[in-house]
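Chain IDs A, B, C and D follow the sequence of writing; residue 1 opens each chain.
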Amino acid sequence: MNIDNSKVHMGIAHMQFLFKQMLRIRRFEEKCAELYTQEKIRGFLHLYIGEEAVAVGVMQALKAEDAVFATYREHGHALARGLSMDKVMAEMFGKVTGSSRGRGGSMHIFDVEKRFYGGNAIVAGALPLAVGLALANKMQKKNDVVVCFFGEGAVAEGEFHESLNLAQLWQLPILFVCENNGYAMGTALAISESERHIFRKAQSYGLKSHAVDGMNVVEVESAATQYCQRIRKGDGPCLLECNTYRFRGHSMFDTQLYRESDEVEAWKRKGPIMKLQRWLEANGKLSSAELKQIEDQVADEINQSIAFAERSEIEDISDLYLGVYGESES
Amino acid sequence: MKILTMPSFGADMAVGTIVKWNVKPGDPVSRGDIIASIETMKGLIDMEVFDDGIIVTLLAAEGEELEIGRPIAELQLKNEEDSNNSSVQIVESGDAHSVDVGSNTAVNQEGASNSSDSQNDVTKESRVLTDVEVKSGDSINTRRPKISPAARNKAEQLGIDWRQLSQGTGPDGALLLDDINIADTQSAEPALDSVKGPKDMMRDAIAANVSRSKRDIPHYYLQLDMVLDNTLNWLSLHNADLPPSNRILSNAVIYSAIARTLSEFPAFNGFYRDGHYQPSDSVHLGNAISLRQGGLMVAAIHNAQNLGLLELMEKIKDQVNRARKGGLRMSEMQDATVTVSNLGDRGTDSIQSIIYPPQVAIIGIGRQRIVPWVIDNVVSSATIISMSLAADHRVSDGHSGARLLNKINKLLQTPEKLV
Amino acid sequence: MKNQSLTYREALKIAISEAMRNDERVFLMGEDVGNYGGCYAVSKGLLEEFGADRIIDTPLSESGFVGAGIGAAIGGMRPIIEVMTVNFSLLALDQIVNNAATLRHMSGNQIGVPLVIRMATGAGKQLAAQHSHSLENWYAHVPGIKVLAPATVADARYMLSMALKDPDPVILFEHVMLYNDSAATPKPEDCPDMHQACVRKAGNDISLITYGGSLSKTLHAASELEKQGISAEVVDLRCLRPLDTQTLFKSVDKTHRMIVVDEGWRTGSLASEICALVAEHCFWSLDAPPSRVCSKEVPIPYPQHLERAATPQVAQVVEAALTLLNRDVT
Amino acid sequence: MKNLHSLKDLVCKLILDIAPEADMQSLDPNEELREELDLDSMDFMNLLDSIAKETGVNVPESDYAKVNSLQSLTEYIATRR
């Protein structure tokens, strides 16, 4: 079943905007890879290169008040949701000016003002949280959507099944977005799931669900927009499965023994940015000068975020206990 | 010119080996190209270049294992001045100002800046105490003298009353095992080295002993004046033509009389321990020797009741000299069954002494003095000494104490029998 | 010469393959143990040697595959289950505590669970709070399971075969900072019985009790103390349940002072249990309060300087020892 | 007649053997020796013993009263050598 995206009118300016958003994420992630090899970023680093269309597409369907839950592969979602690149970079440098005072690192970026409830290092760990927030919204009669991103690896966790059941059972305003990139770290979907079509699992719980080409940002945006409209009307939870692919390893220390390089090359040729760029250029909507200007703007923003992170302070050790417990509301 | 360095792919990767170069000097490269494959413990990982440019030199050979951050190639950036291409010049490794977010040095490398300083680890007084920071002063019994379990256990084993000991060396003056060990060695065998040693330690030991005695032993006191003339006259006759080294002092006669009498009064010669009394079948007469620089030592004359006057004299002389030169043997200082305390010619008329636990009696001898004395209803003069007896009322009573003193006095009147 | 030394990771791999060659019933199951070669590269190459029937990659279903491992043990196999880290084992706690630990007793001694579960544990790699837990004490609390903490290459090499012979479930904790350690190739006699603690360094003035990842820091502290004329004894617990109290009491009775170095949080920790035991059984030989150096009671932060401030370090152990010995802390 | 002065030095040395901490310089030669230097009967006997060995002069108990100061003791020895 394919959603007819012609109904969703896409202006040229909007297409250019989508292109810039994806390119911005791509260049940011490439710079992070470089910074990691120079030991500026430590811990684990999971890059979003190749999956940019999913985050950028879905975020267009959201309002300021909607909430977002992501995973440890979250830089793209954070940037697409509008978090400051300075804060995201400073967080990975472990600086107190980072989105989480430098305490979380790449996998734990938070920004409550942007209603971005962070990454989560535990696979499927966030699903029950998202269900809970949707329950709270429903109880408080808020007409906001909660979007919960996760990889196909999460469907093997009990929390996936428990969360979908609760969402459908209580008719909660939640959009589950499964970024199916084919591999849960080193284990292919083919050798870990009996039913490989994730949207069918959701349908079995009664959720409105279908799959889209995760490399096509327009298709992702229109599907997400339609599901959010349904949810805001109170028609219950939906699950959008985006078939996509990560062009890099699971994390930086990954020899990728589990997949063939020509498979990677094949997917690269269907990359989300390249696809949109060719379409825009073919329709005379993206000159090489405009492209250079976009690249320069993106490079400046990235360099400025690195300078910001470099000069920021690290948190003082005496604040170690700050935030273990909160102030009780008097 | 940009230096390419051995990349780090993970926190626990310390070194990498270039298995294969995909480029050679002069080759143009663009961002994202894979220029080499690196062998790590997890297997081969591709190394990409992050800038467009031309490879100038390869600084590392294939098969060469290098630490993270070591230079491996030089890259001439495409049109060097091209602003959008050259990223902000990230000062290469070892840049001073960039904060070391985490060089992959060994975990226990204690960089001064970030070594945890536990003194001020909780300066911000968070409302909820997350760590149970019980200040030591909070415990209620701060006033009670403190002693560690090990120290108290040892003190009780040694019969030392630790409450009397002065400040310990532990926190807030708490008494520790060493403090008890010192107190113990010091009161048991004050070897000369302890004399030469800190005098306050010796003082502490005496303090501990006499305090225990005064508190635990119910003393009763008796005193009898004894005429010494017979003894003195006998002595001057005996010493008349003897060189000083062979002369006998009056003390020897008095000690001999005491020792022989005590062998017939078992209630005054033995040990009182753990609630019951153990009489001794021989009299080890403790001779309290005052030391020239102050302090006191008690040396026991073994089997004094069997020694003749001459032998006894030699024993006393030898002990006094050795005591003053620190040569007393451990055994001599530990097993006295009764003690004689004697202040000598410049003492006082009499002396009431404190018993040395675990003994049960102590005899005090006042100075020799000439006093008016009535003999056959006629007042004349006599040389006398006042002899006191302090005894443990748990073991003996005044009646037998009086008989003891009278018997000693009787023997002093016939010194010739003591030879 | 290469074959003269062995890394902790290689020692584990040799132990696993030796066990599998010697006993058909032994197999290895866990996340990414096959194709990926193991998250910490312990099982790299085993898939090629033993095939997919005995080196089994599992979906990310910790409760599921740990429970299945327990079932297989009941069914006559001798499984080695690899739960990638103690952080993920929380999803399998129910299976371990309510099934593995309880079945023998609850079934009136009919059903045994001869199973080994291996988990990485501990902090030190800047992986932030969700990936840096030290929860050995949770498992050491539970009667019915045994808990081991191999801290040396010799223990890594030979403890596994002892654990496999045990009729009951044994959990083997491998601290993440140990995998790269290397030592001269160990001999069987270098590894005493798995239940015994081991005095790694004899001393008279103070007993430093520790295990697993903290052993090297404690030995380092002991050598620092040696320079200040203090002879510290270092006791490696090796077995966290049941505790070898005989070795523990013998040491404390000799030195009269004790510090436990434990990377867990102090409240309800293994260190608390050891202090209680010593207070109960060595009270009369204590010349100073039994003390602990544990992690600060905060979620472990990402930046290196805060992670170090939060976890026990050499300097703290030295300082604690000096305080206990009434020496001024330089 | 032996030089009185050197004899006095000898006596002082012998006293110091018995009482090493004695302060001979400030000792008044006419004062009562046993009182000033706190010598008990044992010390005094040892002193006479070493004088007998060093000088051959044997002071009988009956003459103890004649030798109670440094001066009188030295003169007593000098007249009998």
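As a working rule, a residue touches a chain if its C-beta (ideal position, glycine included) is under 8 Å from a C-beta of that chain, and two chains touch if they have at least 3 such contacts.
Just so it is clear, the structure is predicted and the values come from calculations on it, not from any experiment.
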{"item": "By mean Cα position, the chain sitting nearest the middle", "value": "C"}
{"item": "Distance from chain B to chain A - Cα centre to Cα centre, in angstrom", "value": "68"}
{"item": "Distance between the centres, which are taken as Cα means, of chain C and chain A, whole angstrom", "value": "37"}
{"item": "Whole-Å gap separating chain B and chain D, where each centre is the average of the chain's CA atoms", "value": "44"}
{"item": "Separation of mean Cα positions, chain C and chain B [Å, integer]", "value": "40"}
{"item": "Per-residue multi-chain contacts in chain A, two or more chains", "value": "42-43, 94-95, 255, 257, 314, 317, 320-321, 324"}
{"item": "Touching two or more other chains - residue numbers and ranges from chain C", "value": "37, 125-127, 296-298, 303-305, 309-310"}
{"item": "Chain contact topology (line, ring, star, complete or other)", "value": "other"}
{"item": "Set of all touching chain pairs, with the criterion as stated earlier", "value": "A-B, A-C, B-C, B-D"}
{"item": "Chain B-touching residues of chain A, taken from the complex the two chains share", "value": "30-31, 33-34, 36-43, 93-95, 249, 251-255, 257, 292, 295-296, 299, 302-303, 306-307, 310, 314, 317-322, 324-325, 327-328"}
{"item": "Touch list for chain A against partner chain C, complex", "value": "42-44, 94-95, 102-105, 107-108, 120-125, 153-154, 156-158, 184-188, 191-193, 255, 257-258, 314-315, 317, 320-321, 324"}
{"item": "Chain C residues within the chain A interface of the complex", "value": "31-32, 35-37, 39, 57-64, 87-88, 91, 125-131, 296-299, 301-306, 309-310"}
{"item": "Partner chain B, residues of chain D touching it in the complex", "value": "19-21, 34-35, 38, 40-42, 45-46, 48-49, 51-52, 58-62"}
{"item": "Residues of chain B that touch chain A when the two form their complex", "value": "5, 7-11, 13, 31-32, 40, 42-45, 47-48, 50, 68-69, 83-84, 87-88, 90, 93, 97-99, 101-104, 114, 116-117, 120-124, 126-128, 130-131"}
